[in-house]
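Below: one structure, written as C-alpha cells.
Read from first to last, the chains carry the letters A, B and C; within each, the first residue is number 1.
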Amino acid sequence: MVHSKSNFMIETKKLVKRFGLKIVLRGVDFSVQPGEFVALLGPNGAGKTTFLRILASLSRPSLGEVTVANHKLPDEAAKVRAKLGVVSHLPLLYPDLTAEENLLFYARMYGIEEQENRITEVLDMVGLEHRRKDLVSTFSRGMQQRLAIGRAVVHDPEVMLFDEPYTGLDQDASEMLDDVLRSVAAKGRTVVMTSHDLARAEDLATRFDILSRGVIVASAKQEELKKTNLLAFYKGAIES
Amino acid sequence: MQTKPIALTILDVVSIIVLGISTYLALVFAPTEAVMGDVQRVFYFHIGTAWVGLLGFVIAAVAGIAYLITKDMRWDRFEVAAVEVSTVFFFITIVLGSIWARPAWNTWWTWDPRLTTAAVTELIYIAYFMLRQGLEDPEKRARFGAVYTLLGGLSAPITFMVIRLFRTIHPVVIGNASAEAQGGFSMTTDMRTAFFFALFAFTVVFIDMIWHRLRLGALEEKVEQLKLNVSL
Amino acid sequence: MKNPTPSFFKAMMAIVRKDLAAEFRSRELLSAMLVFSLLVILIFNFALELDVKVRESVTAGVLWTTFAFAGTLGLNRSMAVEKDRGCMDGLLLAPVDRSAIYFGKAISNLAFMLIVEIIVLPVYSMLYNINLFQPGLLLVILLGSIGYIAVGTLLAAMSVQTRTRDVMLPILLFPVAIPVLLASVKASSGYLNGADFAEILAPLNLLIVYDLIFIAVPLMFFEHVVEE
C-alpha cells in the first residue's frame, strides 16, 4: 500500500448490525494489525458469524464504519473482495466438479492469469495434489475443508477470514487443518478466525478477542495470557 | 399509546359521508339505463373500485422503487399498505364486474383483457404476500417485496396488451363491453355526475384506508419493539 | 503478483462454463427436465385427445406449457445448487459485478432450457407428424425462452431464500411470465397455422419488448436480491 490511510488491516468503528428490530451487533470497535492472527471467541448467538460476514462484504453494516485492507465497506466492496479469502463451515465447492475444476472456476472469478501453475501450488499446499482429478463429491469432510482453504487462497489474499473452520471435522482432519492454517498465516497474512474450540484457537492465534452479546468484551495478546490461561480469561470475560 | 390523529378521524367521517352520497347517486339519482336496466348501477362502484385498485398498484410499484433507492422502511410500509388495500378493492371490482356481466353478457366470467388482467394482478398480489410470508428478515422482505411489485407493475400492462391479441381467435360476447369501456354507452349528465362522484368517493376512502394501514404498520412495529425489549 | 479483477465477460463465462461442466457430468437437471417434458406431453395427449384437428390449434399451447413447467424445474434446481453448499456466497465473494453473476446464471439456465427444447421438438414432430422446424417458430422459441429465463432467474434467486422455497418459484414466476408465455403461444401458433406475418408481428413485438424490459430490470436490481 503506497498511500495507506491507517496502520490497521481491518478496522471497525461503532459497527451496528440489525435484522429488523433485532440488534445483533451493538457497536463493535475492532482493529487488526497486518500479520496478526486474531481468534474471535464467544458463545453461540454472540454475533460472530454476522460480524465476519460484514467483514467479508457479504452483509452490509447498519451503522458504523468498516475498513478492510484500506478500503471502506460497503462502498469499495469489489476492491476488498480482491484481497480477501473467506472460509466458512460450508465448503463453497461444487460436488459435481473435480478439485481442479473447482479451483479453476474460482481462479477465473478472481482474474488469475497463470491458472495451471497456481492450482498446482495451491493443491500442494493443502496436500491434495494426488486427488486433483477427483470429484469433490468423493472427498471426505476434512479433504473438502482443506480444498475450501485452497479455494480461499487461490488469489493469494492479504486478509483471511475463517468462520468455524473446524465444524464437523474429526481429530485427524482437525490436525491436518491446523497445518494448513499455519502455512496460510505464515505468509504474513492477516487472519481473523471465529471458533468456540478454545484449544485450537490457543495454538494458532496471536490475539484473542471475545465477542459477547454483540460487543467485544475483552481482548488479550498471546504473551499477556501466559500467566492466566485462555479458558479462565474467556470465562471471566463472558461473565463480567 | 399514540392517539388517533384528529385529521384521520375527520377523514373517516368524510369517507363515510362521500360513500353515502355516492351510493345515493348511483342507486337513486342516476337514471336507469335503458338497455341493461338497474343492474347497470353496479357500474359506478365497479369503476370506482377498479380505479383505486389500479392506483394502489401503481403506488406500490413506485414505493418499491423508492424503497430500493432509499432503504427507508417507511416506504416498505407504504408499499404493503397500498398492495393490501388495492387487493381488496380489486377483488370487489371483479365481484361487481361478475354481477354486472351475468345479465349483460349472459355469463359470470369472460376472458376479456380487462377481466383477465385484473385476475392476473390479483394473483400477483397473492404471490406477493406469500413471498413476504416466507421471509423472516424484515429488511430482506422489504427488498424482495419491492422487486416483485416492480416486476408485477411492469408485466401487468404487457399482459393486457397480449390478451387483447387473443380476442381475434377467441371471439367473446363483449361487443357492448368494449363500447362501454370506451365510454360508449351514452351517459347522461346525471350518470356522469354519479360516475365522477364515485371516482372521487373511492379515492377518499382509499386514502383513508391507506392512512389507517400505515398507522397500523407503525403500531405493529412498536409492539414488536416492546416484545423484543421484554425478551431481552 | 496482484491480480486484476476479471472483466464482466470473463466472470460471466466462468459461471457458464462451470454450470455446463457440472451439468454434463451429472446430467441431473437435464434428465429431470427432459423426462418431465415427455410426461407432460403424454398427459396432454390423452387429456386433450390430440387428434389431427385438435392438434392444429393446440400444439403451440402444449409446447409452451411443457417448456414453462420444465423451465421452472431447471431454474429451481440451478439456483438451489448455489444456495445449498453456500456457493452463492462464493460467487458473491468474487470481485465481480453482481450483474455478471446474474447473466452467467441466466445464460446457463437458458442453455439448459434450449437443450431440452431442441430434444422435445423433434420428438413432438415425430409423434404427431407436424413439422416444427420452421425458422420463424425457432425464433419465437428463442425469444420466448429468453424472456422466461430472464425473469425466472431473478425470481429463482429470490425463491430459494424463502422458507417455502420448493413451491415458491412457480407461484412467483407464472403470473409475471404470463405475457411472455401467451405472446409465445400466439406467435408460435401463427407460424404453425401459416398466418400472415402482419398477424404474427404484434405478439413478436410484445415478446421483444418483454425481453428487453426483463433483461434490464434484473440488471439493475439483481444485487438487491442476492446481497444482504
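By definition in this document, contacts are C-beta pairs under 8 Å (C-beta built on N, C-alpha and C of every residue); 3 or more make two chains touch, one makes a residue touch a chain.
Here the structure is a predicted model, which is why all the values come from computation and not from measurement.
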Category of the chain touch graph - line, ring, star, complete, other: complete
Centre-most chain [mean C-alpha coordinates]: C
Between the pairs A-B and B-C, the one where more C-beta pairs touch: B-C
Gap in Å, rounded to a whole number, between the CA centres of subunit C and subunit A: 37
Centroid spacing, where centroids are CA-atom means, of subunit A and subunit B in whole angstrom: 50
Chain centre separation (subunit B, subunit C; CA means) in Å: 32
Shared-contact residues (touching 2 or more other chains) in subunit B: 137
Contacts with 2+ other chains: residues of subunit C: 228
Of subunit B, residues touching subunit A in the complex: 137-139, 221, 224-225, 228
Subunit B contact footprint on subunit A (complex, rising order): 19-22
Interface residues, subunit A side, partner subunit C - complex: 53, 56-60, 78-79, 81-82, 84, 86, 88, 90-97, 101, 105-106, 108-113, 135, 151, 155-156
Complex interface listing, subunit C residues touching subunit B: 151, 154-155, 158-159, 161-165, 168, 171-172, 174-179, 182-183, 186, 199, 202-203, 206, 209-210, 213-214, 217, 221, 224-225, 228
In the complex with subunit A, residue positions of subunit C that touch it: 1, 3-7, 10-11, 13-15, 17-18, 21-23, 25-26, 28, 81, 85-87, 89-97, 227-228
